[in-house]
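Scroll down for the structure; my scribbles are underneath it.
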Amino acid sequence: MIFANLPVLLVIIPLIAAAICTVLPWKHSPWALATFATFASFLCICKIVVQIYAGSTIIYPMGGWLAPYGIEYRIDKLSAIFLLLISGVASFAIVYGMPATQKEVAENKQKFFYAIYLLCFSGLLGVLATNDIFNIYVFLEISSIATYALVAMGKDRRALVASFEYLILGTIGATFFLIAIGLVYSMTGSLNISDIAIKIRPVVNTIPIKMACAFFTVGLALKIGIFPLHLWLTNSYTNAPTFVSSFLSGTTTKVGVYILIRITYGVFGHDFSYIDLPLGQILILLGSVGILVASTAAILQNNVKRMLAYSSVAQIGYIILGIGMANVPGASGAIIQAIFHGVSKAAMFMAAGAIMLSVKGVRLEHFEGIGRRMPLTITAFIISGLSLVGIPGTAGFIAKWYLLQAAIASGMWTVFAVIIISSLLTLTYVWKIIEVAFFEHMDAGRGSVNEAPLIMLIPMLGLSFITIIFGVWPVYMTGYVSQIVTALFGG
Amino acid sequence: MTLDALNYWVSFILMMIGFFGIVSSGNLLKKLICLTIFQVSALLFYISVGYVKGAAAPIIKDVIIDYVNPLPHVLMLTAIVVGVASMAVGLAITVRIKEEYGTIEEDEIAELDFKKHKRESKKK
Amino acid sequence: MQFDNSFLIQFALSVPLLAAFFAAIIPYRNVRDSFMVTTSLALPFFVFKIYQFMVVGNGVLEWKLYEIIPGIFLHFKIEPLGLIFAIVLAALWVVSLVYSIGYMRKNNEGNLCRFFAFFCISIFASLGLAFSANLVTLFIFYELITLATYPLVIHNRSAESKKAGRLYLGVLTATSAIFLLPAIILTFNAAGTTDFTVGGILTGKIASDFAMFIFVLYILGTAKAALIPLHKWLPAAMVAPTPVSALLHAVAVVNAGIFTIIKVTVYIFSINNLTKITSEFGQYGDWLLYLSAFTLIIGSIIALTRNKFKELLAYSTISQLSYALMALAMFSPKGLIAAILQMVAHSLAKIIMFFTQGSVYAVSHKKKISELSGMGRVMPYTFAAFSVAAISIIGLPPTLGFLAKWDMLEGAVEGEQFIVVVVIALGTMLNAAYFLPIIYKAFFEKEKAGNGIVINRKHGEAPVLMIISICSTAIMVVALFIWPEKLIALAGMVGK
Amino acid sequence: MQEIVVLRVVVRLLLPFILMYALYILFHGEVSPGGGFQAGVIFAAGFIAYSLVNDLASLQKILPHFVVRIINALGVLIYAGVGVTTMFMGGRFLGFSAFRVLPADGQKLGIMLVEVGIGMVVFSVIMLVFYSFGERSGDDS
């Protein structure tokens, strides 16, 4: 009986836990509860994914009101894989986050910290689970508002400014999204995504729908952090608490990507968005320029966290490229890239955070000689870094492979060149860290620097091994993704 | 263009006013105020979408008449809450910024940050 | 039930991994060394078994693991060219392992666990490259070789070696990412497969100008073959300890480059197809021939001007590799055989030369040619072996090098490529010009006192482990001249 | 602080009515305009008015900070708990029809409970915002 309610349980478990978190009196109990809730959601999702892998889409009408009148939760293959990503990264991150948060967040604020985290988590899952477009907006805002608060809890006062910036841009993005929903609603009279997808067909070539498409894209571009709108991303990832940056880097932007795919492919249809409208060209242009500029910027950074943030912008560029090319390998590449960028970037932020905690700094010179003192941490960092580069044997390679295939299929040789060149740029900045970590000697004045505690090591090593496992045995993943993509392209 | 579309024009003008304010003002508080204007324009837009000329408010009465579409109102109720929440967080952050920096003028904050950054890199 | 012989591949591949494992975990020097050498002896055995099974028993050996990318498997299959490479690897690995143990002990180098572990992993990667059945598998192992040899290059961690390591890694990965990977993807898209197939998978699938473009990408992507615009990494990597240089320049890395190019030429394009394609471009079609001839001459000339022993050997390597490429670029069956023979001959000879250099450095810390006067009388075995190697490289009987040059000339005359004849003649003269003086100096010149050179003959001959490995390799060079039939037969089977 | 008698008297007089009105809006919300949101805000307004004429400390004596926080958590729990309960009674999440034999009755009850929860949350959030700003030692301005 309870299994029938899994789609909604996965959202409300963190929500309820968040409420309880704020009143828990004992020291580690908020963390324990947050961990429990995260894992509970994760297990629900695992169960759902098993069901979905067998081939069924799960539909859950809220309160028993059927769509299109009621709000409907609908989990198909596309949302399932993103659900798995979000909850997986969150499970690893929350385990990792305990010691880091202990040091970075004041004792009396910790329960709110975890409560806000749970709200954010619940919001992200809600976006993925629901099939109601207005509900997506609400959940998106729940998670975003929670994110602003989380970022503002950073130790440095620059975190506040970053968070404010993020708030302004995020809210603008959300309002654009809201207006787009209004336009679509006024033309179709429905808020249910599957329903809209049908009702939009006769009116698809009207001006309001085109406007809606534009508003959606701009709004989501702000949320995702697509190249010229990425300023908030770099600042907030750099200054947020360690746990938050590792959690956010793996999740929030990926949810934005999910919505973009869901709406442009699933609702408007890929031929309308990317062929009738010049959206494809715009995304490809922004993606390519973004990849090159952000990778170069990442090379020039001295602060490793900021370098990782710029690298995120560049990696998002790949996703956008894949989406913009709007063909089967492109979309597959975009999805795989979104998933594994999430996984490996989370691991990298975790490793950088662990190093920051033991060396008390995150600039390049703090990494000197880390390779000897914290070998496992740096291993996790390197493996994930190599996955970003796209070395064969890591999941990043599979994503690049698909993207290159897509570039060939659509005959875009510039894109092809951009992908190749940028993987070299990526290698350069990853290599910079490896070199410093292994071939410089640590300052004697650093004192004792020890390996990170086990509770931090296991999550980051776990995440980095996931990239290897799926890089070496990609067949299940690629098979699953190709099913998603065929469904998106209406096969 | 007729006056039928007036609501939409007003909402888009409001939106642009808000947007302009966000971009142009350097004071964080003013930015937040403009952000609210920006959000409110979306509310107006929705209400206009749901409005039916000459119809009554959607409350059940014995005499059946035309109702305006209640759904946009409900949606906007939620949107208002979302707006209030983000406003609350924004104000809280502004207070904290004031405490930490002693100012809420954007250029002054940037200057303070820059100075700190320079000090840090010099220390190295 | 049919007996599945793919276990031979699995065993052969696991031998170097096992050795690497021993090297990594055993902290005691003697135990570690004996374990490694014992393990390494298993590799020639398995390779011999594979040879028996394939050539004598006419069987097919392959091992398909699983899909790494949709449509592409991690797939090993043994064909004659890979077998030749594997034989060279198996023979020289044992030799160079024994030599390195002697060298590292003599020089008291540190970090031996890591050193030997990566040494063995490099061999594993090369073996995987030799056995790979499609381009993607090949690419993976190609990259693995680069990554596994990098820690060896920067073994002593000086600022200089770090810089060299950066150049090494930069050139090799950059070229493979920018040129090789796109070439593979284009091939996959055009042919729908990346399996190495006799007759070429691109034959008749694409227009010849596009085929030429892909071919150019392949050549540029294989920087390990050290053609001249992409050769810089090779002299730079000379900062590594000598056994590593031997491994890089004779066994694993450069051979991997040549091997990849030959493999692509034969099994992706096929010789006949390439002849057709190049003929459509007139005299520009022979660009690879001209480029390798240019590299050959320039490399030799630079080698002439070098006084540091290792640098001389590095540039000599560059020019020797170009022999193989030039032979290949004639795109004739004879040229192919010559290229393969040259690959083998050069490996054997060059490893002896590096060993010689290492021995000299180990006993006397001499690095320059000008300091070698009289060393031949102090270290007679070492320099006797060196002379054999020099003769082989110059291309005189009774060495394997002669056979390679002979086939090359034959092929050139058959194909009426007279420029090749001229270049080979010129190259031979240049080779003689920089190797013969060394031999002369070592055996016939008296060591000069003064000028900072201290006469010290007390060090005597190198340790016995090093002598054994040098001399046994020299014997191989001569033996293969006397009984070359099997090797030539095997080379003749390539692409058929 | 200057004592303003009129204000004190008026607030004291109005306070029960404000609270009563809030409750009316809450429980009459499903048949007339109103509901948890509005009720919560009005309820909080009453308390805030009280603290404005007295001071924060005297309000916190009646309604301590941690109580507000518990009310907040409780509100969310009521809201979600109602949904979860329906789940255990065989319905969907928030499927109130499961509460009673007649679906319409069930809906009525469910909505009422949910509105109570919302009212509590809104009330407590407003109070929390008020408290956390009021408790700060405002040395500037």
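We call the chains A, B, C and D, going by the order they appear; numbering starts again at 1 in every chain.
FYI, a contact is a pair of C-beta atoms (placed from the backbone, for glycine too) under 8 Å apart; a residue touches a chain by one contact, two chains touch by 3 or more.
No experiment lies behind these values; they were computed from the predicted model shown.
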{"item": "Innermost chain by mean C-alpha position", "value": "A"}
{"item": "Averaged-CA centre spacing for the pair subunit D and subunit B, given as whole angstrom", "value": "25"}
{"item": "Where subunit B and subunit C are represented by their mean Cα positions, the distance between them in whole Å", "value": "68"}
{"item": "Where subunit A and subunit D are represented by their mean Cα positions, the distance between them in whole Å", "value": "36"}
{"item": "Gap in Å, rounded to a whole number, between the CA centres of subunit C and subunit A", "value": "45"}
{"item": "Chain-chain contacts as defined at top", "value": "A-B, A-C, A-D, B-D"}
{"item": "Interface residues, subunit C side, partner subunit A - complex", "value": "66-70, 136, 139-140, 143, 154, 157, 162, 166, 169, 173-174, 177-178, 181-182, 185-186, 189"}
{"item": "Subunit D residues within the subunit B interface of the complex", "value": "32-33, 37, 129, 133, 136, 140"}
{"item": "Subunit D-touching residues of subunit A, taken from the complex the two chains share", "value": "1-2, 5, 8-9, 12, 15-16, 18-20, 22-23, 60-64"}
{"item": "Residues on subunit A engaged by subunit C in the complex (per definition of touch)", "value": "391-393, 398, 401, 404-405, 408-409, 416, 420-421, 423-424, 427, 431, 435, 439, 472-475, 478-479, 482"}
{"item": "Subunit D residues touching subunit A - in the complex, by the definition given at the top", "value": "66, 69-70, 72-73, 75-77, 80-81, 83-84, 86-88, 90-97"}
